[in-house]
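Read from first to last, the chains carry the letters A, B, C and D; within each, the first residue is number 1.
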Amino acid sequence: MRLNKWINIVAESGLELLRKQRKKQKKEQTPSISELCNALLSNKGEALGTALAGEVVAAYATMTRKEKTVFFQMLLEKYNPDVEQINTYAKAYMEEKSRSAFQKLSEAVESPRQSLIRRINMAPGGTQTIVDIRRDLLKTLKEHTELKMVDDDLVHLLSSWFSPGFLELRQIDWKTSAHILEKLISYEAVHEMQGWKDLRRRLEKDRRCFAFFHSALPDEPIIFVEVALVKGISGSIQEILARNDKQEKVSTTDSAIFYSISNCQVGLKGINFGNFLIKQVVMLLKQELPQIKKFATLSPIPGFMNWIMSLRKSENEMTLSSEDLEILKELDNNDWFLDDEICKRSKSLLMELCTHYLFHEKQYGKPKDPVARFHLSNGASILRLNWLGDISPKGIGQSIGILVNYHYDLKTVTENHELFVNDGEITVSKEFSELI
Amino acid sequence: MRLNKWINIVAESGLELLRKQRKKQKKEQTPSISELCNALLSNKGEALGTALAGEVVAAYATMTRKEKTVFFQMLLEKYNPDVEQINTYAKAYMEEKSRSAFQKLSEAVESPRQSLIRRINMAPGGTQTIVDIRRDLLKTLKEHTELKMVDDDLVHLLSSWFSPGFLELRQIDWKTSAHILEKLISYEAVHEMQGWKDLRRRLEKDRRCFAFFHSALPDEPIIFVEVALVKGISGSIQEILARNDKQEKVSTTDSAIFYSISNCQVGLKGINFGNFLIKQVVMLLKQELPQIKKFATLSPIPGFMNWIMSLRKSENEMTLSSEDLEILKELDNNDWFLDDEICKRSKSLLMELCTHYLFHEKQYGKPKDPVARFHLSNGASILRLNWLGDISPKGIGQSIGILVNYHYDLKTVTENHELFVNDGEITVSKEFSELI
Amino acid sequence: MRLNKWINIVAESGLELLRKQRKKQKKEQTPSISELCNALLSNKGEALGTALAGEVVAAYATMTRKEKTVFFQMLLEKYNPDVEQINTYAKAYMEEKSRSAFQKLSEAVESPRQSLIRRINMAPGGTQTIVDIRRDLLKTLKEHTELKMVDDDLVHLLSSWFSPGFLELRQIDWKTSAHILEKLISYEAVHEMQGWKDLRRRLEKDRRCFAFFHSALPDEPIIFVEVALVKGISGSIQEILARNDKQEKVSTTDSAIFYSISNCQVGLKGINFGNFLIKQVVMLLKQELPQIKKFATLSPIPGFMNWIMSLRKSENEMTLSSEDLEILKELDNNDWFLDDEICKRSKSLLMELCTHYLFHEKQYGKPKDPVARFHLSNGASILRLNWLGDISPKGIGQSIGILVNYHYDLKTVTENHELFVNDGEITVSKEFSELI
Amino acid sequence: MRLNKWINIVAESGLELLRKQRKKQKKEQTPSISELCNALLSNKGEALGTALAGEVVAAYATMTRKEKTVFFQMLLEKYNPDVEQINTYAKAYMEEKSRSAFQKLSEAVESPRQSLIRRINMAPGGTQTIVDIRRDLLKTLKEHTELKMVDDDLVHLLSSWFSPGFLELRQIDWKTSAHILEKLISYEAVHEMQGWKDLRRRLEKDRRCFAFFHSALPDEPIIFVEVALVKGISGSIQEILARNDKQEKVSTTDSAIFYSISNCQVGLKGINFGNFLIKQVVMLLKQELPQIKKFATLSPIPGFMNWIMSLRKSENEMTLSSEDLEILKELDNNDWFLDDEICKRSKSLLMELCTHYLFHEKQYGKPKDPVARFHLSNGASILRLNWLGDISPKGIGQSIGILVNYHYDLKTVTENHELFVNDGEITVSKEFSELI
């Protein structure tokens, strides 16, 4: 018998039990989620183990968006740490510096919310529910910034539970179960898949796909990366995704191109697995395929178009000549990239601006572009810009068709990372440095 | 390729990298574990992911007991939270009551030790190392009580990571891999197994065995329980363990006897899985075998002999008649239980005293006997005492041969648990109540 | 390491070896398949085990259709049993009636072709090649009837190797590997699947799919059956295949409808697995779902249209009235079934004719319709005709839209089977008998 | 659900069905195995598929040795081919030379026994029963030589079903299921294992174990081979089996020593898998461990002692000098090999005689020693004799303590094999040739 079935049996038995108890106590109404949460933090919760937590999970699953917001408010108001207590214990610790004083302080600072969330996590499906709670909370945060304290607790616990050491790396290929593969299709965030035929191309012998899984979310990928094995660094996503592309013989390839990294769980936003995933895959491929010498991404520049628009509206410090502005007007035509004439005119300007955007445009001392920030912070370097590397509507609409290769050279990632984190310094290739 | 192999590849690649960097930097000596820990908490740790953590893991594996104590001292002294800072932030939060003030306070209260341990946990084998660190620390604690603060941090994190929701319940039978089974033999804590033949008897069709596993300790059971399916509540462990015992036809059994629960990881001491394990197994067996009506343990009373000795030495409030003391003298002969005459004389006295010990002898308001405390706190009730239920040297030496059945009736566990936890009240069967 | 990879290693090593030997012997040309077959039946074959057989397999894979025919001719001419020898040994056995005489006769009667095929079967991929050989041979048989003797040997061995006892029954669901599922899509022979979405509907919770596999054709289904769990006997394939069909709650269903059985390997034609597959699945479903009371097929009548055409052309003994012939003319319009008027006019006539066709039209004493022959010979009975049960082009074109339910009642299959096989008697339901 | 469970369900359902039918027909007695066999070959067998065959399997399982002999006699007498018919069809074929005539002849020559056995093979557990039937028959053959005709049919079918292409090669290690490992312990035929500790030594990192499995005998090894990875060709089995032997680092080994090959199924005696197993394992190890250069066995000479005894009794053509006979008398003392003096005196004589025995002593033109015959026929060569290579009672008692290394050099096996099979020529190493 598989575990999943077991967990369900356990949960069902527990729930049945709860129902009998209630009947006996002549409580005919189902308790509210707020009553359930109270019970869960009490002795009852300890005695019944997973059953009460399971009811919270079941109750959350049926709530409307509005009810969820009320639930979040309750989490904020009823499960806060006690300020007075913290202060008292902080003072006591200051004086005594004893272990017991510190323990009291620690307990006082850990919000009851965290204890509650830990208890929910005991239920079958508990972890998934907590990830879902955070997904829903993130949507609500924009309007209800006060709920950020609830989010802090969720992030604290989820970061601990989704520690890289607890993630299982699995290779995904065409022999993988259909119900996992179908999730890749729907979770793919960078270069959309239209269906099974698109997916199949990405799982052929000259492609690789790896995902992280977590034992508490069985059969749910957490994040996955897609890799193309090719000769020479790829500059065009069209070539990589082409279905009728003739397959490369793996033994003659020399480069591994990471062309897509997709986070699957919105509720785990901000908990960084990508760094680990990329580096683990680099090491694995190095081992499996010693002929592969270069590891690089083929990445979009999602903030480039917006920045160009701000330039055109003069909302930016940098100003452009009227000539340049004239050229940029062409971008208003969705199909500009099909016109060789326009391409010819605009290429050098756009490549130059893109170089500037990636290298010079900063926010809090880090590159404005989120993808650049991610890879550079991981210790990668900028290798090359690729003109018209992605002419899909999304590619044109966000990155003005340009793709970057970020180079993952394990020999330099530590150095690069330290320079970047400490001094904001960006490492680039000789080729790219000439553009600057 | 299996994950384990991958993790090793990743670790090896990472380590090789580190060595190259050091060579380049002309650091020829391997850094000390203390330097490694420093590096791990710095940027370097983030950049290299698991490699540095892996070095800490590798370094710890080769340390002597003495070096480990030095390492624990370092953990205590160098990675403490900053008292001043806590006080400042506590005051600030008291005044502002803002999220950012609370965040600062929370961070200040979480000791750098915890961050360090989290980082170690990223390495392949990291979780196992942390469990090992705690195992070694527990040994050291007796002499170095100051290290309890280090233990607090380990317990905090391990409790979170080994949340029941993250444990996988697996049935163990004779088809299980030999390298898991061999661990059961060595971890069995209650009724020792002499080897494979003993084990095999415990995995026949009228026996059940279940264990919890955790994804970060692959192939290492965390805790396991052994169950005998029998007709009527068993009162004798000899009968259950007898190798040449004729097997019960499962379809005619009506009781499931939990005759052994063994924690496998010393480093997880105090993190309670037993409660969950027993209840999950009860629910599973109920589902699989509807004919099973009673679920009970067959448990030792490990503190009974010690308590009797204290009575005999009059170290106890309770005083015995000189007649009774005379009878108890017989226990000094190791083989007393083989003598029918002595048994006849002593049985009623010992059963009475045992009833008193279990029901009345308390420590901090809870039963003195640890096994009684465990099951009663889980919501079980005392069902029956069994005279000469365990005549092994250990059974005679600790429990004076008596075994208890604790009854797990899911319909009453909540009530029992609440009565016990709130009022210290012990639920007993009619049979047992007559003994009182 | 998985077996497949191993087998390939073994084969490759063997082939490399062969090549070296040839080089040494200065045979630079690759030997012909005919030379390879010779070598395979000689000592060399025994010594090198699978390598030589592997070369035959490799050689066959690259042959053109024409070369294959030449190869088949060679199999026919060069590997025949020796007539003289048979006669001599038959006489000897007639006289001696000894074991050794019988052994000689047996060996003489077993054609060298069979020995050769057995040797080919030792190669990795050997069984698949033999199945392929038969597939190709079947195509050639029409023109080269003399090759039937080769086919006899193939059938003899394949029947023995694909004994039901060697087949593994696997349930197929949405968790099955994509590379197996993709084969179901392409092998589905009765009701075509357009792609993954069609397939997914057939693997939902109220559907079942089972396939036989054989260890020598890993990952290749041999035959599969698709079942719908429904309330009441289904009469319409449209309803079963409808993608937006609301799913039946399995617990409320009472009938299992076998709506499609597809043989996957053309080369195994005539080796009957369907009988076993249906009955095994009936027994399994009875066990898993005790609420299911009726097991029936929803089957086409593939020969019905042809028979009707022969009636219309008066190529048949039976003659129709001119009125009836007039009605049947409507069938020439492909969309006749969309016209309620026509349906009204033709329904009773077509249902009557269909009843007659199924029940009375025979060939060699058995029903003319191949599907009827198959199910009735298995011991099923005719339950019901379903007007416009299949209005797909194929359904209209072959079965004039009518579908039959054959009833598999395990209690009567033996009796039905014996009546059918011995006396040609067809068992029918009361409902159907009234139509006759 | 696993297949095994399914098969059982299917069988049980079928049997239940049969019982109901019998009840209906008022046959209260269980039919005899002879009635069952009759029914199985009739229509009933076809209709009910596996159920009737299952009854034969069940009936056989409960038969006494005497009943089995009666059963074998029945198989011999009632299921023989029809001599007259064979003769008639042989004549007809001689004249007609047509396919249909040949088909009739083939069918007539295939004994009804074979059809019956094929039908039994359809039952769950059928193949195992047939293997068991042959095991029991082999015991009976000595007294009832007439039953050899039954054995011929069993061998014919089993050879076909256990074709190497249908066997699955699996690596066995300490992670293998205990219920498989326990079988290795009991099946080990060459160097007995005392229990799990012995086994464990043979599954350490510097050892390899491979077995063939067949899909119809799940979890039953067919044959297995044990290999030691060592530096230099081993000459002592004591060293290989020593439990406290320090393990060799695999990366520094250069030789793979096949020190034990055990057939597990007596009922498959004479069906040769060993040849395939050894060569496949050689190829696998070559691939996995390129550093391994030599592949050799460490084999007993089981016929040596008997031959020496015949020499001593002058039952042999060869005569020994009285001096030599004197020396050989020492062998009557079981512990002679512990006496250095005796060893010194006897070594050169015994080594010389052993060389002679292996190289010159023949039976039907092949070496008298069965192990020599096996390896030399596979194409191996004699590499070296090892004095006191096996001083276990069995080693001393059969091989007078001497072990041989047979060398498997894939480059020469074909040549060696052909020389051996065609000309009886034995290939030997330079070292061994000097002894001759």
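Note that in this section a contact is a pair of C-beta atoms (placed from the backbone, for glycine too) under 8 Å apart; a residue touches a chain by one contact, two chains touch by 3 or more.
Note that the coordinates shown come from a computational prediction; the quantities given were computed from them, not determined experimentally.
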Each chain counted as touching chain C and chain D at once: none
Furthest chain, CA centroid comparison against chain A: D
Cα-centroid distance, chain A relative to chain C, in whole angstrom: 49
Rounded Å distance, chain A centre to chain B centre (Cα mean): 36
Inter-chain centre distance, chain B versus chain C - centres from mean C-alpha coordinates, in Å: 58
Each pair of chains that touches, named by its two labels: A-B, A-C, B-D, C-D
Touching residues (chain side chain C, partner chain D) in the complex: 1, 3, 6-7, 9-10, 13-14, 17, 20-21, 43-44, 46-50, 81, 83, 86-87, 90-91, 93-94, 97, 99, 102-103, 105-106, 109, 118, 121-124, 126-127, 148-149, 152, 156-157, 160-161, 163-166, 168-171, 214-216, 275-276, 279-280, 283-284, 286-288, 378-379, 410-411, 413-414, 416-418, 421-422
Contact footprint of chain B on chain D as seen in their complex: 174-179, 181, 195-196, 200
